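Here subunit A shows up in two complexes: once beside subunit B, once beside subunit C.
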Partner chain A sequence: MKLQDIDVAVIGAGPAGMAAAIRAREAGAENVIIMERAEELGGLLHQCVHNGFGLLYFNEDLTGPEYGNRFIEKVMDTGVKPLLETMVVKLTEDRQIGAVNAKEGFITFRPKSVVLAMGCRERSRGALNIPGSRPSGVLTAGTAQRFVNVEGFLPGKRIVILGSGDIGMIMARRLTLEGAKVEAVVEILPYIGGLIRNEVQCLHDFDIPLYLQHTVTQIHGEERVTAVTIAKVDADRNPVPGTQRKIQCDSLLLSAGLIPENELSLMAGIRLDPVTGGAVVDETRQTNIAGVFAGGNVLHVHDLVDNVSWESELAGESAAKFAMERDLGEKGTINLKAGTNIRYIVPQTISGQRDTTLYMRVNEPQENVRIKIGDIMTKTVRAVKPSEMIKIELSSEKLQKVNKETKEIIVSCEKRGGK
Partner chain B sequence: MAKKETFICIGCPLGCEVTLTIDEKGKILGFAGNKCKEGEKYVFEEYTNPVRILTATVLTQNSAQPLLAVRTSKPILKTMLAQGAAVLARTKVKPPVRVGDIIVPNLLDTGVDVVASANLSS
Partner chain C sequence: MSQIKTEVLIIGGGIGGAAIARELSKYKVDATLVEKGPDVGQGITKCSSTIMCQGSNVLEFRSEYHNSRLVWAGMTMMEPLCKELDIPLKRIGSLELIKNQEEMRHPEKMMRRFKEYKGKYIPDEVEPLQFIDRDTLRSWEPNVNKSYLGALYDPNIAVNDPVRLTIALADNARKNGIKVLLDTEVMSISKGTDEFEVCTNNGSIKCRYIINAAGEYVGKIAQMADADDFALYPVKSYQAVLDKKLGGIINHMVLSNENGMVAPTIHGNLFFGISPGTQRLGKAHDHSTDKKLADAALKNAQELVPGISERDITNSFVGFIVFRNFEIGWHECTVGVSRWVPRFINASIGFPGICAAPAVAKEMIDILRNQGLQLTENPDFDPYEKSMPDFSELSDEEKRQIIAKDPKYGHVVCRCETVTEGEIVEAIKRGARTLDGVKFRCRPGMGRCQGGFCGPRVTKILARELGISEEEVTKKGGESRNLLYKSKELLEAQQ
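What follows is the complex of A and B.
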């Protein structure tokens, strides 16, 4: 395959990139490549040795490596060409890609379409602003996960975890089973940041204390962490005087959220949504640059890998279609606007002509709600939480109700009345 | 004397706190706090047979990869997780290994095998 002939170039070979590349081939694109800076396909799935993957996609309870393996095999079977140990360093608004690797040095080419599948990274300590010295023993939950599950050593023996994201809770269980003592999981919000099944199966199962509405106010230690001070916080998230307590520990793990990795997108002039941190897309997952698509955690942080795969397949299929036909038909002209208790909606715009799945998250937990998509449809839901993504199917039939002139549809989540 | 035990249902994002009333023989007398029938089913399972899949890594020999990811092929009792992990901490494997290969047969007489979650080459 010559670089000049590439139909679809996928950037990133995690679950999103693999799903996009496979689907692009299946949808008829001839020359599909997947560019990955690591030495193998699969992305972070290799270090996620826990189960809970694929419950929706495969109807099976798989571990991360197993889930990844099924896609790796399919990448090979479908004839996608992986370009490993290759780092994409440049993307321009006319779809020029610049990349470097040890064999060829700097390469540059212009594929017919591009899928962004760079995933996300963890919010680090700098982004969290904890006072105290800078001893060793402070690391993100994902880094700890790589140490324990890939490299084979424990980051510490007595651990405090700040933030109750899924990786943090999963690492609490993993470290406990590996013989460390997890002294506390500390969450600033009044509810956990991850999935409820992880609270039960990772914390409760092992009697790991969870401190809600608490935060770490100080890190102690010179060379190495020796303790942290935690305190209760008020409604404005300020520490409440007199509630401090010191917890002896040798490590502090940070599990306080993920950020889509969009440096390349910014370089190309792709418009980002300030709330999701990912590109603004329509229902084909096309960005504001024609022929550039995005899917998975680079677009918005998902709760389940199954949704990452599905969304990226959509991006891959659209990319293949664009590569072959140079046109995707109706563009997204209707803006979906977040109303009451909706934090964001992806896609941000729709054409109103195709069946569409809307992914959204709420701001606050709420029970017994009705989610309204303008006056097109409503869906009643028993409970919503910021940590759990909501998925709503919008059929093109329902969308026929939308007037041709419509420029905006408000999506809102409201308490069900009359009760 | 009836006893009470609480569980959090993981059936949906609501996460109901369900209180189970149990008589002195361990028989279930009633459920409270669950907002739907799913909650009773979940709590019944969690009370009578709480099982989980155990996932871990084992050390490798003769491979560039220091660890291999493994799992139990089926869920085991959650009270066995720590003991199971201790067995795996002492287990070593050599390449080649393919996903699904049995690493520890019949872990702690549970009737469940520990299998490889990933491939291992030398």
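What follows is the complex of A and C.
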């Protein structure tokens, strides 16, 4: 395959990138490459040795590597060309890609379409702005996960975890099984950041104390962490005086949010949604730059890999179509706007011409709600939580109700009955 | 325990000690620099705002301070020094913002004083200050708070990377014959009649002259020799670095009396900090950030540049600025022979000490001569260093060439700053032995993810290149190991 003949170039070979590349091939694109900076395909799945993957997509309970392997095989079977140990360092407005690897050096080319699938990164200590000294032993849960599951090392033996994201809770269990003592999981919100199943299976089942509405107010230790101070927080998330408590520990793991990795997108001038941190896309997952698509965690942070795969297949299919036909037909002209208790909706715009799945998250947990998509449809839901993504299928039939002149549809989540 | 003898002992490998060592290496002299850490430049120097060639905004032109005169003399030394050592320096200029009519008189007063001092205290080549009106300010810096009425513009202000400068100074000094001993902490000093005996964790050192350039610990070292004829006033100062994506929103250093400053760095991000003089005393040697200071600094920075938000902070830290006590005056440094102990020379270089360092180093030569040291020129002195390649700054063609020569440059290890394995290996060759040592030489882990991605990979490369195990790799020496146990080690211990 010559670089100048590439139809679809996928950046990133995690679950999103693999699904997009496979589907692009299946949809008829001839030359599809997948570019990955690591030595192998699979992205973060390799370090996720726990199960819970594929319950929806495969109807099976798989581990991360098992889930990944099914896609890796398919990448090979469908004739997608992987370009490993290759770091994309440049993306321009007109879809020029610049990448480096040790074999070919610095390569540049312009594929017919591009899928962004760079995933996300964890919020670091700096981004959390945690006061205190600057010792070693403060690391993100995902970094700890790599050390433990891939490299074969433990960061320490007395652990405090700040944030109750899924990776943090999973690492609480993992480190306990490795013989370390997890002294506390500290969450600033009144509810956990990850999935309920992880709270039950990773914290409760191992008697790991969870402190809701608490935060770390100070890190101690000059060279290595020696302790952290935690405190209760008020409704404005400010520490309540007098509730401070020092916990001796040698490591502080951070599991307080994921940020879509969009530096290349910014370089190319792709418009980002300030709430999701990912690109603004229409229902084909096309960004504001024609021929550039995005899917998976680079677009918005998912809680289930199954949805990442599905969403990215859509991006891959669109990319293939664009590569072959140079056009996707209708553009997204209707904006979906977040109303009451809705944090965001992806896609942000729709054309109103085809069946669409809306992904959304709420701001606050709420029970017995009705989710309203303008006045075209409502869906009743028993309980919603910020950590659990809501999926709503919107058929083109329903969309016919939409007036041609409509520029905006408000999506809201309201209490059922009464007001 | 070893015992060595040297003529001149420099204590401290910050910008001060390193600049002095390098200046001394221009002469035929037996001199040794000791640094307690595993690397140079990791004391106050690491915490600085990296603003160079400043003479106006901080010192307010008070000529009676020794510190002012050193800073002004240094204004034209920094650029040629950086050239010799191949350290990038970028002139950005500063804008001291004017808030109200009352402050409008300030620029005029400063410009008058500048004229008066020029040629006398301030080198002739230094460019004059200017007043910038409101419209010009807005066109130069559209993202600065619109309420300001104008600014005092100082075109001389520049930025560089002081840690890299310190490393280059130490490397150059070493190349020209000065001994540099790392991991060597001075514990006590005893005075003989014409010799000092300095006790360190690595043995004792006999010397005739001591230059005390221990930064924050300059008082402690002086006390060891009963040479502490001064009292210090350490001021805690806070800085935060912002994500590179905000890099372009401000082009000059912008500052105001009340609200500290916001400025671009040489590496293309922005940072902000509370300027010294507005802060209360911090507890000495307590290097922790606290929420109050951080919140105040953020609020101040947002006052200057409203587009800054907390979620764009990638890193924050504090540092101490070492001033003299109040009676002597806020902005005074402690540079000179102790009044109590001959041949014991203090070099506590105050603020802005990086700007002053080249002038302090020159002054040390005169002081040493006055104290009886014979100094003849070193005919073999080579003033030049070549900085290591910076992959992210290379053109596409240069990238191709360097990868062709060494494929390790085709392996990107740090994704945020685009740092390659080739650079990391080169940094280790040049003396990095810790994660911070690598980070301050070629920046892996300096970016927005703060080493989350590259940390495990840099650890591996360090272990491989140094021939140690990954568990032995530290962040910054001492007890700062990153990985405390092997998998299963804890379980086995429990059985």
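The rule is short, and it goes like this: the second predicted complex is superposed on the first by the 417 of 419 C-alpha atoms of A that agree within 3 Å, B and C clash if a C-alpha of one lies under 4 Å from a C-alpha of the other, contacts with A are read in each partner's own complex, and residues count from 1 in each chain.
Assume a contact is a pair of C-beta atoms (placed from the backbone, for glycine too) under 8 Å apart; a residue touches a chain by one contact, two chains touch by 3 or more.
None of the values given here were measured: they were computed from a predicted structure.
With both structures placed on the common chain, the touch criterion links A:R121 to subunit C but leaves subunit B unconnected.
In the superposition on chain A, A:A231 contacts neither subunit B nor subunit C. Judged by the touch definition given at the top, the superposed model places A:V301 against neither subunit B nor subunit C.
By the touch criterion stated above, A:G152 is placed in contact with subunit B and with subunit C alike. When the two complexes are overlaid on their common chain A, residue A:L91 makes contact with neither subunit B nor subunit C.
Contact with neither subunit B nor subunit C is seen for A:V185 once the two complexes are overlaid on the shared chain. Within the superposed three-chain model, A:G137 lies in touch with subunit C and out of touch with subunit B [touch as defined at top]. The larger set of touched subunit A residues comes from C, when the choice is between subunit B and subunit C.
When the two complexes are overlaid on their common chain A, residue A:N69 makes contact with subunit B while staying clear of subunit C.
In the superposition on chain A, A:E223 contacts subunit C only, with no contact to subunit B. Subunit A residues in contact with subunit B (one complex) as well as with subunit C (other complex) are 148, 150-152, 178-179. Per the touch definition, subunit A reaches subunit B in the complex via residues 46, 49-51, 61, 63-66, 69, 148-152, 177-179, 196-197, 199-201, 204-205, 365, 367, 382-385, 387-388.
Those residues of subunit B that touch subunit A in the shared complex are 8, 10, 12-15, 35-36, 52-57, 59, 66-67, 69-71, 78, 81-82, 85, 89, 99, 117-119. Across the complex, subunit A is touched by residues 240-241, 245, 287-291, 294, 310-311, 313-317, 392, 396, 399-400, 403-404, 407-412, 415-416, 418, 420, 435, 448-453, 455-456, 460, 470-471, 474-491, 493-494 of subunit C. Residues 37, 85, 87, 89, 98, 100-106, 108, 121-122, 124-127, 129, 131-137, 139-140, 142-143, 146-148, 150-157, 178-180, 217-220, 222-224, 239, 250-251, 261, 263, 266 of subunit A are the ones that touch subunit C when the two sit in their complex.
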